[in-house]
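Below you'll find a set of structures to go through.
The two complexes that follow have subunit A in common; it is paired with subunit B in the first and with subunit C in the second.
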Partner chain A sequence: MEPMNHYPDPIKIREELVEKYPAKVAKKRTKSIIINDPETIPEVQANVRTVPGIITQRGCSYAGCKGVVLGPTRDIVNIVHGPIGCSFYAWLTRRNQTRPESPEHENFITYCFSTDMQEEHVVFGGEKKLKLAIQEAYDLFHPKAIAIFSTCPVGLIGDDVHAVSKEMREKLGDCNVFGFSCEGYRGVSQSAGHHIANNGVFKHMVGRNNDQKEGKFKLNLLGEYNIGGDAFEIERIFEKCGITLVASFSGNSTVGALENAHTADLNVIMCHRSINYMGEMMETKYGIPWMKVNFVGAESTAKSLRKIAEYFDDEGLKVRVEEVIAEEMPKVKAVIDEIRPRTEGKTAMLFVGGSRAHHYQDLFTELGMKTVAAGYEFAHRDDYEGRHVLPNIKIDADSKNIEELKVEPDPEKYNPRKSEAELEALKEKGLEINGYEGMMKQMLKKSLVVDDVSHYESEKLIEIYKPDIFCAGIKEKYVVQKMGVPLKQLHSYDYGGPYTGFVGATNFYRDIDRMVNNPVWKMIKAPWEKTGNEAELAASYVTQ
Partner chain B sequence: MLLRHTTKEVKEREGLTINPAKTCQPIGAMYAALGVHGCLPHSHGSQGCCSYHRSTLTRHYKEPVMAATSSFTEGASVFGGQANLLSAIETIFSVYDPDIIAVHSTCLSETIGDDLQQITKKASDDGKIPEGKYVIYASTPSFVGSHVTGYANMVTGIAEQFAESSGEKKNQVNIIAGWMEPSDMREIKRLSAELGVKIVLFPDTSDVLDAPQTGKHEFYPKGGTTVEELKSTGDSKCSLALGCMSAEPAAIALEKKCKTPFETVDMPIGLGATDRFIMTLAKAAGVAVPDSITAERGRLVDVMTDMEQYFHGKKVALFGDPDQIIPLTEFLLDLGMKPMHIVSGTPGLRFEKRMREILERAPYANFRNGMGADMFLLHQWIKNEPVDLLIGNTYGKYIARDEDIPFVRFGFPILDRIGHSYFPSVGYTGGLRLLEKILGVFMDRQDRDALEEKFELVM
Partner chain C sequence: MTAKAATQNACKLCNPLGACLAFRGIEKCVPFLHGSQGCATYIRRYLISHYKEPIDIASSNFNEETAVFGGSHNLQLGLKNVSQQYRPEVIGIATTCLSETIGDDVPMILKEYRAVMGSDEPLPVMIFASTPSYSGTHIDGFHAAVRSAVKTLAEEGPRKNLVNIFPGMISPADIRYLKEIMNAFGIPFVLLPDYSQTLDGGPWAEYHRIPPGGAPVHAIASTGCASASIEFGSTLEAQKSAAGYLEERFGVPRHHLPLPIGIKASDRFFAVVEKLTEKPMPAVYEDERRRLVDAYADGHKYVFGKRAILYGEEDLVISMAAFLHEIGVLPVLCASGGKSGLMKKRLLELVPDLEDPGIRVRENVDFVDIEHEAPELLPDFLIGNSKGFTMSKRHMLPLVRIGFPIHDRFGGQRLHHLGYRGTQELFDRIVNTVIEQRQKASSIGYTYM
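== the complex of A and B ==
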């Protein structure tokens, strides 16, 4: 693909982006705006505090914990301990689809549970109300699990959600109750909440059920939340290949599946940012290796399937995977052949999430489109530069507050699925075993990498680069579109999808084709506003 | 079934709210502040609050919703948020250059005891507020009231902090808008102009949250009440508050500060409430009601008479916010319908009192507001006594689908349809729109369910 030569000097662009900031802010932001070089991969300042007053895309720790990681599992009753808002805003807004086994099976995703904390509880404590709420939820629904999420005031007034959970778990007997200290002020973004969620799910759920699922090739799919049905498409492909999915973390998932996850022989990771902790902890405790995959993009899906077959090292599986790819790819190719002439050479910007800004570049590449700038909303340096930088990441006051679980090999259940030598051999073959190379290696030289992009910077970037499409979330959607540039939401998919796998790729191609080539973008100016027309109108009246 | 776990048996709950019919104060404060021209709302709390409020308002309006946050971290939560707010004020004025920053608090900043008055004073003393610019504030802890009271608190803050009395009265009337849509605010302005009354409407989100596509993003769109207009409210003849919950507190504050007398009327939704609004405004301004408005009224009554057979005796369940629920319930009764089940998560004695008055005509109705009044309870009531129509925000679609009830979207938030920001629900024209929607779902249902031989061409 053509390099980034015909754009202004990126160093000048960076200067322009920070020009209006107060000096201290400009200095800080400069470290998060990086001119990429895929060969040397420069350092990106990431996972640091957003400057107060800056209009950021970021949310909070609670959103990462309840909204992202725990929300998609259908049979947990998720009670939000706090004032009403936090639970209300996370009610069904993330489009986590789920398909209960039968009409009788549990599905609480459509419900919103809150302790609706009032002033008296802030003053005198809310533990009593929380216990009542847990009891009432149990009496009404008899769920297998109840999870408690702390919102900002809870930590400050000292309510102990963990002690309450333990007391209620013991009292109820047949319901697993556990709490999360995911107050919104923890950490610097949603990311802190992901880590807190991983810790809780690992501690309280994984390993509780030793039933062995049938199947020769058993894996867990980590960091796939089934937005727009993404997990359904991956499940379809796995089934076709003869791969057994033990548990998804956590789209279209259940308590039972999560509790059973330690019986799988491989963890494949989609969203590295939100779930890599789980991969690491399960490797240490149970001996299950993890591998980074990407099912966003048809080529990427094929590649990921081949890697899985390589991991299991089974000829039958390798053959089956090739058959499935051979069967699926012609349908994909037919769509791409039709669309690519209309998308070829167009440009995209992606500022979103903690993995999506990377994954979706694969789809744009398949469309012949160029990513001129990208960045994450809440990722860390390893998501940009690759996991090899992990030992060099400075632990600051904000990340120090997030608990790191001390994990030991389980005396009974630890069983290394592969020997060190086998893992090394797989890495040699290009499998990202216990590893992730990050986003920047894949991006063009001189393209721009911006972490935690601000509203102001986004507008400037659009003015300078004039991209054909901008990818972000709901808060940015109509701002960017008011500028005459289509915005693709990569959290909610603009209520479409799925975008994973083979079917998803074709959905995405069609959506992007529709967006960048929609005639409406040329209708923004009224005919009488177009240059020349005014004079024409006036002139015709004069001559009448 | 999407709500398969909802039981028919109603059991009193003390700890657990399920499917709330309200949200928290700060989002109301953010919405109100967007109705002031050149104003940037600012959320003094964690990033998540601001992000959630912006997301919800954006989904409801399909428009840019700009707002900033103090981005609290654990340090700020322990040591206080003053440093964050001061730094935010400095950054906002240099980067986004608003005329006004409207700060609202959150449960976090209230729990740690941040004093917005003291911090904004310090910002002013430290020279962080440029000449001719303003920082205003409202206290909106999420553990008190609801989004409705949060809106009222910010509108009160706007009135208190801008209104001035110059000593000279102006021939104008303040209309304090309760929480209504930009389309409704536009309609209030049109009706007032039709009456020939000069008004100052605040807040006013028309031309802010229904901005045109021009190919250019206006960070501060052309709409919103201006500072000059807000200052002049202290000199107005009187104030008219549209809604006892979301508008009246600001009218009281204005009376206290500038001795501007006020009257509160129900939000003008439906026939009776619109009649009272028109009469009160005409009286306050000393004008006669023109024939054009009488004709508008006549068109609404005409549809009510022509289509009465479709309304009569129909049972309705509704949920939403006080200032909408009050006149809507009255309108349903005027149409001969039966409001059977009504919930609102918003607490408030004024609300309860007004509902009791209206429900004297409907002794059969179940009504509950505040604690325990959630959509789970509403659904249970419906299971016990089924209805013909459900009216409420988008979340109602789950009940409507499970119970197969015709559903009219009305209130906040509406996340899955457009129209509310463009077509008013207030005034006689708004009444027509409501009737069109109600008749539409009834008749679609009749067409869907009719036997072939009973399928009607004319209805």
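== the complex of A and C ==
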């Protein structure tokens, strides 16, 4: 693909982005705005606190823990301990889909439980009310598990959600009750909440059920939250290939599946940022290797399937995977052939997530579109530069506050699925075993990488690059569209999707085609508006 | 009904959300939440899903240290950064449960900030509302922000021919309608908050740091010299309201009215405007009223005797209940997550005989409570925000969407609720909901209902 020649000098762009900031802030932001070089990947300052008053895309620890990781499991009753807002705002009613086995099976996702803390609880403590709420949830639903999430005031008033959980777990007997100290002020973004959630799920759920699921090729799908039905499409492909999915963390998942996850022979990771801790911990405790995959993009899906077949090193599986790819690809190709002439050469920007800004570049590449700038909302350096930088990452005060579990091999259940030599051989073949190369290696030279882009910076970037599409979330959507650039939501998919696998890729191509070629962008200027010089400039800026 | 320990599927949102919304109705104002960044992010995300417009909310980004040692440093740094990037005229600061729990004294911090910044460069006006989410609901935050805006800015002066309108939390379309009415009467007015443009505007030919629109600072300053205030909201008490403050402080008479929904309530509102302006009703609204009466007569056969469950903010529910009663629909359950303690009392003032047909009024309830009571009430349809959809689906009851949040239908920000025009729109939607239901239920396939 063509390099980034006809854009202004990226160094000048960076200067322009930070010139409105006070000197200290400008200095700090400069370290997070990087001119990419895929050969010698430069360092990106990431996972550092957002400066107060800089309007960020980031959410909080609670959002990462309850909203992202724990929320999608359908048969856990999630009780939010705190005032009402936090539970209301994380009320999952659309984003994460789930498919109960039958209408009689539990699905608590559409509920929003809260202790609705009032002033008297802040003053006198809320543990009593929390216990009552747990008892009530148990009496009403008899769920297999109840999870408790602490919101900001809880940590400060000294409510001990872990002690309460333990007490209630013992009292109830047949219900697994556990708590998360995921107060919103912990860490620098939702990333802290992911880590806290990983720890809790690993400690309280994984390994509790030793039933062996039928199947020759058993894996877990980590970091796939079934937004817009993404997991359904991956499940369809796995089934077609004869791959057995033990548990997905955590889209379309159940308590039973998560408790059984340690019986799988491979963990494949989609969203590296939110779930890599789980992969690491399961490797140490149970001997299950993990491997980075990407099911976003048709080519990427094919590649990931081949890697899985390579891992299991089974001729039958390899043949079957090729058959499936050969069957699925022509349908994808037909859509690309139709659409690509309309998308070829257009440009995209992605500022989203902890992995999505990377994954979705594959889909744009398949459409012949170029990613001119990208960045994550809550990622760490390894998501940008690759995991080889892990030993060099400075642990700051914010990260130190998040517990690192001490994990040891399980005396009974530890069983290395592959020997060291076998793993090395697989790595030789290009499989990202226990590794991830990060986003920047794949991006163009001189493209811009911006961590935790601020509202202000993204508006400037649009002004400078005039991209054909901008990918972020609903918070950014309408301001970007005000400027005449369509915004694709990659958190909720604008309520579309799925975008994974083969079917998902074609959905995405069509959606992007619709968005970048939407005739409305040409109607912004009314016919009676003057076409003086200035007006022309503005018009080209909004319609290009 | 049994008292529950946990709230399930709340019928209310949190206090700071309301404040942020109100701040969006002040010109060149950036809302600022003193607390964790998650609050700003969640509230932005939630408001935006309804209004489909950009909503920037800054935050003091608390971390563990701030939570322990206080948020003074973060707040001051945040104000400085917001001022430099956005050049706002106003910063609307609201607290969260976090900063309230640790007891940050925000007015004190602001005083310190002003002292540190000196007087070289004019600082933005800082409006502060205390909005702990562990008390009240989003409506309390909304009113707290409006009252604080007036308290901060209103000035004493000679009485002017000027009317203040404090409409409460209504849609941008409703705001535009109220402004149109005041213009038609030809009286100068200040409407606060005015997010009719900031939260429902067009594309930009040029980049705006802060979306255009909103009540300007000088206009809010003049509210102290107005000849009267009109304030909507049955349960809104004077000591918590903007008009209440102006009456007490500057002697501006407060005309306190229920939200004007339905003919009777709209008549009452227009009568007040007529009296204040000493001008006759403009012909256009006379026509609107006549068409509405005509519609009531024509549509009566469809809706009379129907039973509805109504939920949402207390003031909206009260006015909607009176309107439904007026068109012959029985609001069998009037429910709210708010708990002013005044809901039934205020509703009785509008519908004195509400207890005869067994209308139930419930404060401080959630959707599970509502659903629990629903079956024995034999409702024909539900009226309220999008959050009633689960109940509507489970019980196969149609849902007429009004108020906030509406995120499962398009155009929530453009729905009318107030005055003759808003009532007309509501009436048409309700009648059509009933007709559609009858049509669906019929096995014959009528195309003429």
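Note that the second predicted complex is superposed on the first by the 528 of 544 C-alpha atoms of A that agree within 3 Å, B and C clash if a C-alpha of one lies under 4 Å from a C-alpha of the other, contacts with A are read in each partner's own complex, and residues count from 1 in each chain.
One rule holds for everything that comes next: contacts are C-beta pairs under 8 Å (C-beta built on N, C-alpha and C of every residue); 3 or more make two chains touch, one makes a residue touch a chain.
Every value quoted in this text rests on a predicted model; they were computed, and no experiment measured them.
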item	value
When subunit B and subunit C are modelled together on subunit A, clash or fit	clash
Touching partner for A:Glu463 - first (subunit B), second (subunit C), both, neither	second
Subunit B versus subunit C as contact partner of A:Glu437, first or second or both or neither	neither
First (subunit B), second (subunit C), both or neither touched by A:Glu106	first
Partner chain(s) touched by A:Thr151 [first = subunit B, second = subunit C, both, neither]	both
Subunit B versus subunit C as contact partner of A:Pro52, first or second or both or neither	both
Touching partner for A:Phe141 - first (subunit B), second (subunit C), both, neither	first
First (subunit B), second (subunit C), both or neither touched by A:Glu422	neither
Overlap of subunit C and subunit B interfaces on subunit A (superposed complexes)	20-22, 25, 49-63, 79, 82-91, 93, 110-119, 121-122, 129, 132-133, 135-137, 151-153, 155-157, 183-189, 397-398, 401, 455-456, 459, 473-475, 477-479, 481-484, 524-525
Footprint of subunit C on subunit A - complex, ascending	20-22, 25, 49-63, 79, 82-91, 93, 110-119, 121-122, 129, 132-133, 135-137, 151-153, 155-157, 183-190, 397-398, 401, 455-456, 459, 463, 473-475, 477-479, 481-484, 524-525, 535, 538-539, 542
For the subunit A and subunit B complex, residues of the former touching the latter	20-22, 25, 49-63, 79, 82-93, 103, 106-108, 110-119, 121-122, 129-137, 139-141, 151-153, 155-157, 183-189, 397-398, 401, 455-456, 459, 473-475, 477-484, 524-525
Subunit A contact footprint on subunit C (complex, rising order)	4-10, 12-17, 32, 35-46, 48-49, 52-67, 74-75, 77-82, 84-86, 96-98, 100-102, 132-135, 137, 201, 203-209, 211, 337, 389-390
Touching residues on subunit B, where the partner in the complex is subunit A	1-5, 7, 11, 13-20, 22-27, 42, 45-49, 51-56, 58-59, 62-77, 84-85, 87-92, 94-96, 106-108, 111-112, 141-144, 146, 211, 213-218, 345, 371, 376, 395, 398
